[in-house]
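Each of the next two complexes has subunit A plus one other chain: subunit B in the first, subunit C in the second.
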Partner chain A sequence: MTQLPASTDKKLGLVVDLDTCVGCQACVTACKGWNDQGYGVPLSDQDPYGADPSGTFLNRVHSYAVQPAEGAAQTVTFPRSCLHCEDAPCVTVCPTGASYKRSEDGIVLVNEDACIGCGLCAWACPYGARELDLAAGVMKKCTLCVDRIYNENLPEEDREPACVRTCPTGARHFGDFADPQSKVSRLSAERGGYALMPEMGTKPVNRYLPPRKKDRPQEASLLAPLLDIKATGFAGWLDRILGKI
Partner chain B sequence: MNPAPSVILFTVFSGFGFGFLAFLGLGLVQPAGWAAFALWGIGYAAAVGGLIASTAHLGNPQRALRAFTQWRTSWLSREGWAAVTTLFLLAPVALSDWLGLGWPRQIGWAGAVMCAVTVFTTSMIYTQLRTVPRWNHPVTPALFLGFAATGGAVMAGEPRVAVVFCVILLVVLIAAFRIGDRRFAEVGATLGTATGLGAIGSVTVFEQAHTAGNYLMREMIFVVGRKHAERLRVLALLFSTLVPAALLVLGPGRLWVVGLAVASHLLGALAARWLFFAEAEHVVGLYYGKR
Partner chain C sequence: MTHQPKLDLSPEVSEEIRKTTCYMCACRCGINVHLKEGRVSYIEGNRDHPINKGVLCAKGASGIMQVTAPSRLRAPLRRVGPRGSGAFEEITWEEALQTAVDWMKPLREAAPEKLAFFTGRDQSQSFTGWWAQAFGTPNYAAHGGFCSVNMAAGGIYTIGGAFWEFGQPDWERTKLFILFGVAEDHDSNPIKIGLGKLKARGARVIGVNPIRTGYNAVADDWYGITPGTDGLLILSLIHCLLEAGKVDLTYLAQFTNAPLLVVEEGPEKGLILRNAESQPFVIDRRTGMPAPWDGKGVEPDLGAVWQGNRTVFQHMAERYLSPDHAPEAVADRCGIPAARIRGLAAELARVAFDEAIELPQPWTDFRGNAHASMPGRPVSFHAMRGISAHANGFQTARALHLLQIVLGTVEVPGGYRLKPPYPKPMEAHPTPHFVTAPGKPLSGPHLGYVRGPENLALKEDGSPARIDKAFTWENPFSAHGLMHMLIPNAHAGDPYRIDTLFLYMANMAWNSSMNSAKVMEMLTDRGEDGEYVIPRIIYSDAYASEMVAYADLILPDTTYLERHDCISLLDRPISEPDAAGDSIRWPVVEPDRDVRPFQSVLLDLGARLGLAPMVNADGSPKYADYADYIVNHIRRPGVGPLIGFRGDGTAEGRGEANPDQLARYIENGGFYQAHVPEEGAFYKPWNTAYQDWAVATSFYESPQPYLFSIWSEPMRKFQMAAEGLGPYRPPEHLRDQLRQAMDPLPSWYSPYPEDGYKVHALTQRPMDMYHSWGSQNAWLRQIRGRNYLYVPTKIWVAEGFREGDYARVTSANGEIVVPVAHMAALNENTVWTWNAIGKRKAAWALDEGASEATTGFLLNHLISELRPGPGRVANSDPVTGQAAWFDLRVKIERVGPRDRAEPAFPPIPRVVPMGRERA
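Moving on to the complex of A and B:
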């Protein structure tokens, strides 16, 4: 049913730390690897080894240059995936009910058996979170690894999304934003986590942590006091005499 | 947005079909016998043909009937219901005109109202998208209704009515171009808000996320052909409004003149609809530094 739940018991989502992300693309690979064989149809590729390769991915890592008003520009790598919005426009536009938001944990999912592949949900998403699988003709999107996080056949440390589990720098965190005491809620509050494109009115659950303020290069050397040598004794006399010649 | 032929044909021909069916339903054109069969047939063929064209871009068209289930939230679903209701509602009126049964005209009036509702629901599929600022404005329903009504009026061939609708469409089309051009800036989405990095400074793309294209770029970032946009706008305006109006005024009552006027109007409508998609910029393009 494409009516959005009035509220969800949990608000599961991700925190992406733009300060520690190094843009290694491990999350992209882990996501594709897990979701290629788990929930729904595989993520197909078209012409993967040819001149114009293309494929379905649920997570993409961009990189941007940011130039502050003063100081040096910085490079920010930027993972982009579904934000599991509270007011998810991709759900309400769906004509078949294939797209839905779960009332228990807020995850936005696609029932692929009901998807006609009209693509309207991808049009409705500001974040480019949905990609139509060209082989199967159904819409694919991040499931928050719904087949991992509740999977009791996996060791407990693996019960989190593949992207979070694989991130080598700990730039991705998974948790419940409905609980103000959860790890992700506290992290977001401490570091000024923000939502993307709030002007689109989608109320995303995921939060991005801004890059920390960078140190400026020191104007004066730390060794300055030591370098200011006052010669004394014979050397001091020589210094004065030589200075006068 | 990618101007897919299936969607352009769908919106233009179903709009034209429902526009003309409305004129037939209202009785502004009242053919009898086989003439009625032909005219109602043209209306039904355009409306139904357009709807069938729309299924060409589906990934799994065999499940299309499921699209009738979510009318509570989905404009696409509502459009399906409105279209089918309208086509069934007008069927007895068409039958009555063809066979001279003289059944009451009131059903035709209700059918005409439903024609307008159907075209409105079609337009709302696009208008509802906040992600495409050019479409997300009341001028979009006005434009779709304007095209449907004008198409119907030109096909009806009554010069005075056609001229009035052509002038209305001319004004709405110019307004749609003008309003559309400033919508993206009005909404205020930038790469800065899309990444949230605008709080630090000015943001530019350093490196693309992938070296080749993907579904998002093919579907939502269409930059080809915009350089001819200005010329196409003028041609769309001329062919969809001024040329058919002039033809009908200069040669009233002749069948071939009406045919020529309809052909001109549809050509202009196709150009205008191509622009409607090709010029529409989706905010996801921001992430790629393209619009």
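Moving on to the complex of A and C:
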């Protein structure tokens, strides 16, 4: 049983804008690329050219069909990664103390040296945000690119998670939710950002911005014909449009 | 409180960053390649780069898996067993090059057309075309004929530019953006960045697409149109706008050929009326008399009638005001209710006219008239293959540009903006060149823009001069050739037999051909003499694609991080509306195999063949390699492949070759930009400041102002010939086709034969795969290693489909049995799948049991390369020869659960070992 900090100085996390995410998977492979050579062991792949390839990813994008009560069916793409919960059950369930939540910024991490690969944390996480690396036998998860965001070897503008830096539509935002004036706090407030499955009581830090209402034709009066073309003929229309009558 | 480990929060990221250009698709983003111990450790977007501004897509970030893919070819190969058997031996480069020369040299000396050189998705066409021209064969093109030539040519013939490399929406200012058809592939990151900008400021996005995924999934409104009817919808929108008088008359009068006069009767009926000096003219509203079309102060009268001849505007308005184009007349066919069409027209009109914007930027037009500001209409559009891969795609592309024109949104703030070297009118492009002579180069470039029947590539006996029958009566404006007809025509000996097929980077034995199974047979077919019908095949690729097994000689290419490339203003640059741009690739890592960059190999072959531009006076090779060519080749005096750092390093556009040029590009992040002056940023085709800058920067030799072609005179010339007017006569069996397709006003006709197949079948390219390349990528194939046929609710229910089912899908050309999945957000008469996920077993170094090869499938087997009926007429747009991929219609029936797709081909013989572990 591992303890959570009573509170954290910062609450670092992501805003994911579902109105803007086109499901392009850029964040998935940027994350894979960075974390394959970053914090902890590489993200291994099994049978990569075989019949049933699988590998460790810290971020995956799913696609869902949505059928509103009225109107056309819709497609929603949904990126999924660790939400860095304030009441993270993956931490409290850990038997070795390997899973922990950082007191300074709230990032949930795995100390791989202490991880025994028992998988309890993945079982406890209601979001499916943890993956056991089959090569190393340790649990992997989103680190919010902890080795980027403070990295003094990177230009300041690059000190953000790889998924945020790469997102072509700008649908991902990184910041401190403890600061009500931060970009992520304001975006979330303005656009109705919501926590995923709040009923689980995990208090996720990340927020999703809901898709804007779709398929609502703007209130525009239909175009009125210039005149009754049947009555005036083409000549009448021409004179009218050219301002000759 | 648990003990927190102490972390190293500032690890060293890499030892070195090398900045080059991505090639995981055709988008050409700038990338930072991180290296550790000489190996690629991480790839990210280059923040300074004009195309991607730091972001990178799923493919780009997976490039590290591409440069280490086990499918990489390792050494030159020569076939030693039957073709297609996979029996190859490794040979040296010297042997390989000598073999190629031994095959090609006699052809050049006797009949250069016996060599057909076609390149796939490479981006060095100004170079490969130059090589083919020096060789002297007329049989050269790249892959545009099976990609998007309708989009390119439709734009060039109408507005002197098109989408993607030619132009883009004014993402900063547009308020309403309408996207027609699939566009997730071209161009990839810039459109995503643009959509992100629109979403961030709440601008409205509308999708017109039978399938609601990707960009259409985030669109604020969705029109699930029936495939192939986009032109009908667009012309109906124009109907509504004309009916309500919501068209930009000032724009039409000043910048388009709307005020020019059309000859009403006589032998020149339908041509533009010209004066005694052979110049088109307008009627000046101030005097009611003829005036020069480009005269200062002239106010062209759109309503003029001169000696019985009416303006283009009147012809256009009369055509589209006809009740045939009313929403109520097209709604059923388009699958969109009339009220929705009227609503869309109203929305267009409201944003274009009621929400018009204005930039306080003075400018001077080509007539010498000064303007105090730049008015703008903030409506913009984009389209690519979705509307163009139909047999009515050229006319549909023209219709879309006409819609932009009547709204006055082209080259204005908030609208659609051209990118240098565009705008460039059709008249500024070359015509096709095709006349051969033994041992001689071709007289000019192969590909061009036909002005009339006099430019067709026909021999004296009227037969096609080119193996792909480009620039013939079958498809007169085939500006990109017809690569999809190359193998079928060579096999049929129609129009003639060739000896050697020389292909680069095109998977013609699989996903890049229609009727793939049949094409494989053509490649291995033997004549009565026991010899192959297509005698010799030379192929260059970096990877073990399905095509490799069918070649006689393999020239293994490098990967994109191991070679020089040049993304040039001479062909497909990386310009933005506000800046011309070009870029390079350079070897950021060394190859670990016996492979050579194809472009350098081509120069070597050229020198060995003694091709004049590739040898010095003493016969020695003129260029050491492609890098040498990029720097030192001079296309016109002072103009080379790259515009930056010329001369002493400060010259832009024009200047002598600079030996330090590549070093300067590398220092600059691999690219160069020449910025358009602010006064020239909009209204470019007519803007003196832009035109002068374009001349200085080498895009024109003199200013080239022009009018947009609502009425296309080159098209009318072909239509006239079909009507029996003028000196040229098309073959009888093509007359009806030409009369219909070569309509000088944008028109719509059904691309579908009445053959009983009613369900439309489409492919889309995912944003995370580029054609077949993704399958070899250890990361990307985990994301999309399977494809399904997505079936709309109506068909799903009617056929009683259940999860896990397969369907038999039948077309006039054949049948496939494939896995299905239900999708509600889909046009009710359309099924679709992802493009090129299906693979031949054992290709791309994959396991034979890979999902791509067992349950994966292609629709290509259902698509004939020929249209039904007599003769061998290409299944292509009759204007341009664009492959009509999206005209496929099928029947679909449930066959219940299965575990593999059909047809199942035997494994392709391996030329590289199967991949095991990833690097």
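We adopt the following convention: the second predicted complex is superposed on the first by the 215 of 245 C-alpha atoms of A that agree within 3 Å, B and C clash if a C-alpha of one lies under 4 Å from a C-alpha of the other, contacts with A are read in each partner's own complex, and residues count from 1 in each chain.
Simple rule for what comes next: a residue touches a chain if its C-beta (ideal position, glycine included) is under 8 Å from a C-beta of that chain, and two chains touch if they have at least 3 such contacts.
Note that the structure is predicted; figures quoted are calculated from it, not measured.
K.L.:
Any idea whether subunit B or subunit C touches more of subunit A?
P.N.:
C
K.L.:
One more residue to check, A:L242. First (subunit B), second (subunit C), both or neither?
P.N.:
A:L242: touches subunit C, not subunit B.
K.L.:
Mind working out whether A:A171 is in touch with subunit B, subunit C, both or neither, as first, second, both or neither?
P.N.:
After superposition on chain A, A:A171 lies in contact with subunit C alone.
K.L.:
Now for A:L120: first (subunit B), second (subunit C), both, or neither, which partner does it touch?
P.N.:
The answer is first: A:L120 touches subunit B but not subunit C.
K.L.:
With the two complexes superposed on chain A, say which partner A:P210 touches: subunit B (first), subunit C (second), both, or neither.
P.N.:
After superposition on chain A, A:P210 lies in contact with subunit B alone.
K.L.:
Please work out whether A:L154 is in contact with subunit B alone, subunit C alone, both, or neither, and reply first, second, both or neither.
P.N.:
The answer is second: A:L154 touches subunit C but not subunit B.
K.L.:
Which of the two partners, first being subunit B and second being subunit C, lies in contact with A:T75: first, second, both, or neither?
P.N.:
Both partners.
K.L.:
Would you check which partner chain A:K183 touches, where first means subunit B only, second means subunit C only, and both and neither mean what they say?
P.N.:
Once the two structures are laid over each other on A, A:K183 reaches no partner at all.
K.L.:
Check the residue A:P53 against both partner chains and state whether it touches subunit B (first), subunit C (second), both, or neither.
P.N.:
Both partners.
K.L.:
Could you pull out which residues of subunit A sit against subunit B in one structure and against subunit C in the other?
P.N.:
2-3, 52-55, 57, 63, 65, 67, 73-76, 97, 211
K.L.:
For subunit C, which residues count as touching subunit A in their complex?
P.N.:
Answer in residue numbers: 1-5, 7-13, 36, 41-45, 47, 52, 54-62, 64, 70, 184, 188-189, 192-193, 195-197, 199-200, 204, 212-222, 224, 240-247, 249, 302-303, 314, 317-318, 321, 339-340, 342-343, 345-347, 349-350, 767-768, 776, 778-783, 785, 793, 823-826, 845-847, 849-851, 854, 914-918.
K.L.:
Inside the complex, what are the residues of subunit A that reach subunit C?
P.N.:
2-3, 5, 17, 19-26, 28-30, 32-34, 37-39, 45, 47-55, 57, 63, 65, 67, 72-77, 97, 100, 102-103, 111, 113, 146-147, 150-154, 157, 162, 165-171, 211-212, 214-218, 220-226, 229, 234, 237-242, 244
K.L.:
Please output the residues of subunit A touching subunit B within their complex, sorted ascending.
P.N.:
Listed in rising order, the residues are 1-3, 18, 52-57, 60-69, 73-76, 78, 80, 89, 91-98, 114-120, 122-128, 131-134, 136-139, 194-201, 208, 210-211.
K.L.:
Could you please specify the touching residues of subunit B with respect to subunit A in the complex?
P.N.:
1, 57-61, 63-64, 66-70, 72-77, 80, 125, 128-132, 187-189, 191, 193-197, 199-210, 212-216, 219-220, 282-284, 287-288
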